[in-house]
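Each of the two complexes below includes subunit A, the first together with subunit B, the second together with subunit C.
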Partner chain A sequence: MAVNLQPREVASEGIAGETAPVPGVVRRRRRRVRGIVEIALLTVLAVIMLFPVVWMLETSLKDQRDIYAVPAKVFDFSVTLDHFKNVFASDSPVVEGFKNSVIVAGSSTILATLLGVPAAWAYSRFKIRAKKDQLFFILSTRFMPPVVVVIPIFLMYRDLGLIDTTLGLILIYSAFNLPFTIWMMKGFVDEVPAEYEEAAMLDGYSRVEAFHRVTLPLLVPGIAATAVFALIFSWNEFVFAVFLASSDAARTAPPAIAGLIGGTTIDWGLVAASAMTFAFPVLVFAFLVRKHLVAGVTLGAVRR
Partner chain B sequence: MADTASASQLTPPPAARRFRLLSDRRLAGLFISPALLLLLFLSIFPLFWALYLSFTDYSATRDVPSRWIWFENYGDLLTSPQVHERAITTLIFVVGAISLQTLLGFTIAYLISRRVRGRGLLTTLFLVPMMLSPVVVGLFWKFMLDAQFGVINSFATSLGLGSAEWLTDERLALLSVIVVDTWQWTPFIMLIALAGLTAVPKYLYEASEIDRASEWFRFRHITLPIVWPLLLIAVLFRAIEAFRLFDLVYILTGGGPGAATETLSFHVYKTAFLGFDTGRASAYGVLMVIVVIVLAQFYLRYLNRLQER
Partner chain C sequence: MAEIHIQGLRKEFPDGTVAIEHLDLHIADGELFVMLGPSGCGKTTTLRCIAGLERQTSGNVVIGGEIVDDLSASERDIAMVFQFYALYPHMTCRDNIAFPLRAQGKPKAEIDAAVAEAARMLRLEPLLDRRPKRLSGGEQQRVALGRAMVRQPQAFLMDEPLTNLDAELRADMRTELKHLQQRLGTTMVYVTHDQVEAMALGHRIAIFDHGRLEQVGTPMEVYERPASLFAARFVGSPPINLLDVELTNGALTAAGGLRVTAPDGLRRGDKVIAGVRPEGLTLLPPGAEDAVGARVISREALGDETIYVVEAPCGQLHVRMPPTAPYAEDAPVAVRFQGGAPPVYDAASGKAVAG
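And then the complex of A and B:
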């Protein structure tokens, strides 16, 4: 049936094309070769990018002898979970760090969210003098070199007795996550039409109630994504942690893990296992918010 | 606005409970000020304190009262050959790392954008390094670049290339830091370039196909103009972060060998926390902040232009 729809001349041309290659076929073939080259290149790049992670994972699972084997053993090594057991052992130098990290990252994220979400809503909904300047100013505080900021913060914390306390870290991490939270959340609030709130206000709700009852429920996924990013940022932070909380009581995981290479002998198996334990939750969380990664890593500045 | 007669038949009107006290203006202030106060307390005030300290010879460990010495710290720093050296090291690092990242990141993004299947999986895989803590990244690479049992040297030896002292050779150390930073942040450029590339409307390519435009012409006149503004934002963002690099250096090389990998940030740290020359370190920091502010201005201006589009 379909054959009848095609004019006879066109059909015969198609058959002729198969016997003697016309430019279209050559072009198609060239395109296929190019596709294979591109896939090969991508594979090579992916292997290079992922190799360090795979290598660290292997190291954390390797027998002590195989870790230092020369030439390096990539495939045939004896597997052991001893290093991971050591990470969580009672005399482990990092397990306390993990606990502190959970407290610090969790509390600072909650604080930044509690302060940031209402501010973002206000910036999105109200006419505020020099709004744009304020927002850009807020974002620019995030660009300050941490090593520079830490000098006066150190002196200030020394006077206030906040050195080597989790509270000190929680406060500085909240301040450090706040610009991000405000920018990221403002984007999410902008996506909820202001008309929803206005309609609720026509029904007699006050502004705050309208926000609470209408907008807030719609913002929950956005708040969750923003909080996850804030969590990752505080979890990974190193500079403030190493200068403001170096004692065992308040030390978070990053300085604790970095401290493992301070001695004369380095137990690389333990380092690898701690690093993998530390990185694993981040990768899981990052996977959960992958849809918002562009906005997240640009501190909420670029939205696509 | 108060006319809710018809609605009241469905739901009881809470109109009686409206707060007249909270005008929009006050509400905005109430919602924004806690956030601004925290920033003021922990971001702005410290900077001004550093500015004050930069005019004194204060030291965090000495009990002697500090003297006001005006611009002496600044004069010393700006004429110090040591500082010039660190500035050049930082410049080499920033230019080297950012160009490598841009080149690689854009290439990967371009290659991924041409794939139809597996795009999501590929992107996710490539993004792993970026999400890791600098501590983890630093440790990964310190281990891999180790001169004795590092896997890089092991591979190089098997391939007959011989081994190298990646982190302790004066000529190689900075290159190693650049490579590690590139490994971690290429995904960042890639991610943003990919966002730009997938935003290019398909019909433009289809039209150019009909016009039999060459591959290069298409890239130069369709892809690049659309991706460029976004790529520029990514590059500026990275430049600011690379300029203040500290953690990788701290873990990988500790600034050494000699001062081969000592960036400005690392030198500030040494002045403040090892030399206890707090006043001078503050002046040093203020100078860095000025550079960051200039860079951030460029960034924010482009960002503003991009957002207004």
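And then the complex of A and C:
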């Protein structure tokens, strides 16, 4: 470890008169090689990961002939927006699905937020008997994969007349989003000092008013991030949607798009355009709350 | 403006911790009352019980002649300043100060006038449209004070409000706070763990330890006649000298023969602990009459006075001397007691016995 005894600059530049590369130079070269290898590996990874997305995007923009061209035309195809027009045409089999998706995802997110935020506040602020057990129980409702519970829920829904209704989907998505909302929001509420509310109570406001006027405004970024997560879940959900809402009236976009595949001829252009349309809102929302996505992972980070 | 009575207050937390064992206090109308003690002594819990943020296990809190046990914090008409100020970060200073008045539904003109008046008193006018984040610690402190006083509450509760300021600013704010309380004449209950702050501010000081009240008295009473060993140790800097002494020949004698004036009411042979303040001792050249030999361990020249720590047969002693005292470190000296009889304590109970 003699190298470490002399200043770094001297070590890396070598001592005058020496011809063989000194350890510092070797180290620097090694670091550069490592950087190149890293970039190369990441590039390969990115190509593999993005290939299906790029392929889908291209398919949605190619005209019918180019889609089936062999060998595939990756760069030199003529661009058309006809498939996107078809997605929103009045006789499109998916346009109704998009409408339902907006209603179901929006409503269930609002419902989960309206119920989850006050619950999270209560769990954060009050002494509640067996609080940890209760919170664990709430989270445990998410342990079961939808596929496992969908049959009993189907039977219950049949008796309640909720099959093939948007209301049914709104309720089941709210129930699925609520535990997540409570857990994530509790992290955000914990970050807001209880003293703010206490100060507001001493200033003459009731506890609920104190929450409403002081804590709630400070929770807005957290609520936005949590709601986007819930929205993305509801928007993307497939299993419940395919089992509980199969008629056109209630069917959401994921089963509607899946329904395009099958039958004798498949309009791949329409499938790709529908899928792109479907993915777009999620990408936008994820981009908008990207900072909070990280914060959400560490559970709560209100900037003060 | 109101007096505050605390009657038989007890607070036990659900996990079994007893924060306050049993507390009776009477805080007079217009008084600046300081609750002093180390962290975990129950002073903040007492304050929170008065505020209504914490519900006592038993006992009563009476504000202005009314039992307020069943009133929520918002109904008690008292204002509190928190250690971390708790200014609402999403509101400007103006809105922070106006917030309690808005709760009362006062007309806008009245609110504006009251905020302007508070801002003038606290020299906050140029800062009113800023958010708390953009203020210094001292400015945030003043906004918190403004929010507390704007409503003219029955009492102010202060929870270590100066702890987060740097030393210089703390002294300034202390003066300002005292002056403000005098001008407004509002009852103020002030919690701190800083004995200098307590001595400087309080009309009376209550010393807490382990959920019990050790002593209530004026700053000078607390300093000169601490009611217990704990109170004696907690107040005063440099610390009090606690000497194991025995009553012989009409004086309290410590190991090595240091003689201390005995208070009345002790019997010959009684063994007690005498609490002698650093100014109750003086240093003399070695061999002086009526003094015991000692050696200087350290010397802190503070300018207006010099604090000596000397090693005597009865242990290490703090001695406060004028800056002219000529003794160097490691020099041999003699220590003599001066002044009237000091308070003495029973070693087992830690309580004052005679004097």
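The working rule: the second predicted complex is superposed on the first by the 273 of 304 C-alpha atoms of A that agree within 3 Å, B and C clash if a C-alpha of one lies under 4 Å from a C-alpha of the other, contacts with A are read in each partner's own complex, and residues count from 1 in each chain.
Everything that follows uses one rule, which is that a contact is a pair of C-beta atoms (placed from the backbone, for glycine too) under 8 Å apart; a residue touches a chain by one contact, two chains touch by 3 or more.
Treat the numbers as computed from the prediction; the structure is a model and nothing was measured.
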With the two structures laid over each other on chain A, which partner does A:Leu178 touch: subunit B (first), subunit C (second), both, or neither?
-> first
After lining up the shared chain so the two structures overlap, which partner does A:Thr166 touch, if you call subunit B first and subunit C second: first, second, both or neither?
-> neither
After lining up the shared chain so the two structures overlap, which partner does A:Asn86 touch, if you call subunit B first and subunit C second: first, second, both or neither?
-> neither
Comparing the two partners subunit B and subunit C, which touches a greater set of residues in subunit A = B
First (subunit B), second (subunit C), both or neither: which does A:Gly204 touch?
-> both
First (subunit B), second (subunit C), both or neither: which does A:Leu218 touch?
-> second
Would you sort A:Glu195 into first (subunit B), second (subunit C), both or neither based on which partner it touches?
-> second
Considering only touches as defined above, state whether A:Val53 meets subunit B (first), subunit C (second), both or neither.
-> first
Go through subunit A and flag every residue that touches subunit B in one model and subunit C in the other.
-> 201-207, 209, 304
Which of the residues in subunit C come into contact with subunit A in the complex?
-> 14, 51-53, 72-74, 76, 78-80, 82, 84, 86, 88-90, 99-100, 103-104, 133, 147, 151, 157
Residue positions on subunit B within touch of subunit A in the complex are 1-2, 4, 7, 11, 13-15, 17-19, 22, 24-25, 27-28, 31-32, 34-36, 38-39, 41-47, 49-50, 53, 60, 104, 107-108, 111-112, 114-115, 122, 124-136, 138-144, 148-149, 151, 154-155, 157-158, 183, 186-188, 191-192, 195, 199, 230, 233-234, 237, 240, 243-244, 246-247, 250-251, 265-266, 268-269, 272-273, 278, 281-282, 284-286, 288-289, 292-293, 295-296, 299-300, 303-304, 306
Within the complex, subunit B is touched by subunit A residues 38-39, 41-42, 45-46, 49-50, 52-53, 55-56, 59, 67-72, 115-116, 118-119, 121-123, 126, 128, 132, 136, 138-141, 143-149, 151-156, 158, 171-172, 174-175, 178-179, 182, 201-209, 232, 235-239, 242-243, 254-255, 257-258, 261, 268, 271-272, 275, 278-279, 282-283, 286-287, 290, 293-294, 297-298, 301-302, 304
Which residues, counting only subunit A, touch subunit C once they are in their complex?
-> 127, 193, 195-196, 198-207, 209, 214, 217-218, 304
